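By written order: A, B, C and D. Residues from 1 in each chain.
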């Protein structure tokens, strides 16, 4: 089996997982300007929702949409009670600290409800493998690839085509301008936040069979999604997708051909290089003011 | 320089008052756990002060400040363990190393601002943490560096609770005095002008980038000192000193105490360490309550306790009080 | 008239392009030392761009700017400020959170020389700076009529008063050359009259360049004024004359339809 | 002083003495446990608490120690960090008035704690295995769990002598525990002239191993040796090994395979060989008594963490009882070193560095989700 080809396939498949997580963050960070440190906790919430649904006998393919709905509902409540009141227009350290504290609250709740031990999530595809001209990809991973591509492209189209979608883009570019042109900005912000955390919940549900479910599972995905969002450029959905695939490939290649133990540092080195030399990232807006 | 004469009078009084409080606390409180915890809290308050040089001073959130905290701990540990240096010398070297590192890191990252600066400096902690784990011959790898000889500072044995507390507390007060002087000096005025209105500051002759770099290089040694002062407490330095959770704890202290008040971080540090000491319920419940409190504070009093106190004070004094205060 | 050869401000063939848009299309200009010079023109005429280029905030795409006969094209803005050039902006004019007195302290910053250590030990340098600051502050507060407001935060002051504070900040370092960007914008009659008084009071020994819409302020203060239309200099001369220039009338009042 | 007042005096004196004696007798022996109760390692703290509580209940049911004094367990969260450990131990020693410190699941945390307890109080380390802890040789420090070296020597012997792979590959998380495991593996393989074709160490947040496994498969080693003490990540690693076709021989570092790891692996670990100082199915009466008691309380088989916690509390109780004191630590330490101690694993002996050596070492293999005993060797 050709090692390089398999590594590239691995990279793409893992990248698609990153894409779903990162697009959620792009929405909240790019559009609402909130540095959402609770993104990982919503990811974990999605995974736990799938796990709890499965444990009461709901099949995986039904549990997934339920999990997303649960996370979206929680997102709605949180946006209404906390985010709306404290985060819009506040300096960066406001959103940083509130969302970080929110992440701790959610993780502590999950730990108190479902206990500290890791729980397995049975994938409907079991341990099956898809053998495509000599290359091996796990069933669940193919499912992730398909769902992420489907969801992300549908979302991209909806953002461009639908009225609501265009309003979101308008609010992203110029909240004040959008307000003056009659867009209900608070409602758009709530929707964006719900969509953002919903995407994180979906990613949690999709990846749960691979990562198993444990309280602090959100931390790893939080770091990855920030790396991807910055690489892809702030506020750009297509940028986040591109960044996710790039990081997936870079990590896979670096891990295989260079060194496994230094791989975690790779993502950050790329981000630091990008921010210093190409601040707008791959496709984002150059929002940086520089000295 | 506005409150110059007033500062000299109430400033001197305040320093003496703080020293008296420290001396009293050091001698009267008998429970060694509380005294040692107070020492560790003073060391961590230093780290919170260093963060506030950036947050209160420049309006930037330095998530990567734990790089200097860790650098201080490792440089001091390596100085003592592999070179057999006394703690005082190792501490000075650690602070010097952190200033050099701040110059390099600052030159790279201070071109950015706001969320980008925070996230890039957070990224740096990720890279440095991986380095600390993998460069075993230097950092002792995942297990870290331990087994230090008895650590003394100016003849005071730091493994003894009372000695540890007195040294940390005095260094804390000294740092507060220096920061108060900096805030009132030309450099302090330049920093404040850069924070409020960098565009206008530049047109008045302030080299904005250089002042931000100088502030960054001022905050680094304070963080390094905090890192080094934690060694007598933990007796071990592991890669976790570079973890961003240290910065977030210290950031919570700053926000609790209020970033606009010079000693806000110290007050926040006391609250942050003392409250958990009284509640001994399930740790996860404690995290739940503590984090919810932080959210409520950020919603109703983003300026932290300081804002609440001054709001209350204003209600009594009719609001004529000038906002400056030591 | 100004003494030839001793210009405070000289611009040679200054062009400024933002991408495809030409903001300034070839400006040549001399402003003599000690002169109060006006720059007027309808919106979008390139006045603010010219202001930024002349005072060194932005660098021209082509051409050269000289302040006191020294080229400033590749001199960083803060360096220019230290050569006695002060600017007051229209939008971000003051330090909102600080008190009036602290605003002036920030203004004084470039001139003081004491170090942090000096501050702790009350060194001679620090004391000298402090006394110099006290004297200058009293003088500027008096001049700008802000003495009783000195402890109030700048953001609570009325707009006109804030504009005066902005000029006060600029004055703290005794600038030889003062650029004012639409100082009278948004002021009512009385405020702009007070403002004219202030500029007259600080005029001796200084070169002042004012970009402005308010014709009464320009004609009250400036001996000569430049008119800009669509990024091009149209004419220079005493305010009274330039208003009669056909292109200026057309630019302001629109072409008279035969 | 009339006779009557003297009698009254004597009566009062006798009364107060007895009251004081019963008070003394009734005063519980407080044992302080510093363990990770929050964050990523909370699952270990949870298991430790269950094992310790079972042991304390048994000791108290049998009438307590030192003349009827009951054991009282007090817990402090070490948050899984050295700072957290030091704060927890100091609080237990002072505010908690604990007579003995135990607990400890993470080596760097226990190392930090050992500097606080050195020469001050008895510390019995339950789970942490780094050799450095007992190498310090502090007189009142004892360790129930095998050190990494003991486990590795016994396990590697089986790999080289019985399995005899031609080539081997290593995968493991970058921790001090695994670093020592790797060192011992390299030594054993070199001695048996077996080539170690690849070494990959990954970090705690990694949850995708496909590219590492792909690279290792490209070198097709006979044996894949994985060292990862964290249940959810190890289970997921073995799932991905299975998805990529697995290896001829597969081994897991000794002392970490628990039901909490086998369940999420969903059968992906079948065939994996590992070693352990404890097997729930071991037939000896002492072991079965412990296993039945634990299953009655939690209706699940105990794992190694439950065992070492249970043993620590039992050994502490008996040692204090036999030494007749709960504060004369030199005497207690001497008693601990001089006598063997009955535990579910048989008689435990502590060497001069305070390390308990388990009498038996069991080689096991995973068969349809359960650990099955292959062979058993005496240490």
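Details
Here is the rule we use: a contact is a pair of C-beta atoms (placed from the backbone, for glycine too) under 8 Å apart; a residue touches a chain by one contact, two chains touch by 3 or more.
Remember, predicted model here, so these are calculated numbers, not experimental data.
In terms of C-beta pairs in contact, the better-connected of the chain pairs A-B and B-D is A-B. Chain centres here are C-alpha means, and the one lying farthest from subunit B is C. Separating the centre of subunit A from that of subunit B, both taken as means of CA atoms, is a distance of 33 Å.
Distance from the subunit B centre to the subunit D centre is 37 Å, each centre being the mean of its Cα atoms. In this assembly, the C-alpha centroid of subunit C lies 76 Å from the C-alpha centroid of subunit D.
Here the CA centre of subunit B is 41 Å from the CA centre of subunit C.
Shown for subunit B are the residues in touch with two or more other chains, namely 130, 133-134, 208, 282, 284, 287. Contact with two or more other chains is made by residues 38, 42, 174, 203 of subunit D. Of all possible chain pairs, the ones that touch are A-B, A-D, B-C, B-D.
Interface of subunit D with subunit B (complex): residues 37-38, 42, 76-77, 79, 81-83, 86-87, 90-91, 93-95, 107-108, 111-112, 115-116, 130, 132, 136, 174-176, 179, 203. The touching residues of subunit B, counted against subunit A in their complex, run 55, 59, 61, 63, 108-116, 118-120, 122-124, 126-127, 130-131, 133-134, 198, 208-209, 212, 248, 251-252, 255, 282, 284-285, 287-288, 290-292, 294-295, 298-299, 302. Within the complex formed with subunit B, the subunit A residues making contact are 29, 33, 35, 82, 85-86, 90-94, 96-98, 100-102, 104-105, 108-109, 111-112, 223, 226-227, 230, 261-262, 264-265, 267-269, 271-272, 275-276, 279, 288-291. Within the complex formed with subunit D, the subunit A residues making contact are 1, 3, 6-7, 10-11, 13-14, 17, 108, 111, 115-120, 122, 127, 129, 136, 138, 210-217, 219-220, 223, 251-253, 255-256, 260-261, 263-264.
Interface residues of subunit C facing subunit B in the complex, by the touch rule stated above, are 55, 57, 76-78, 81-82, 86-87, 89, 92-99, 101-102, 105-110, 112-116, 118-120, 122, 126, 129-130, 133-134, 151, 153, 169-170, 173.
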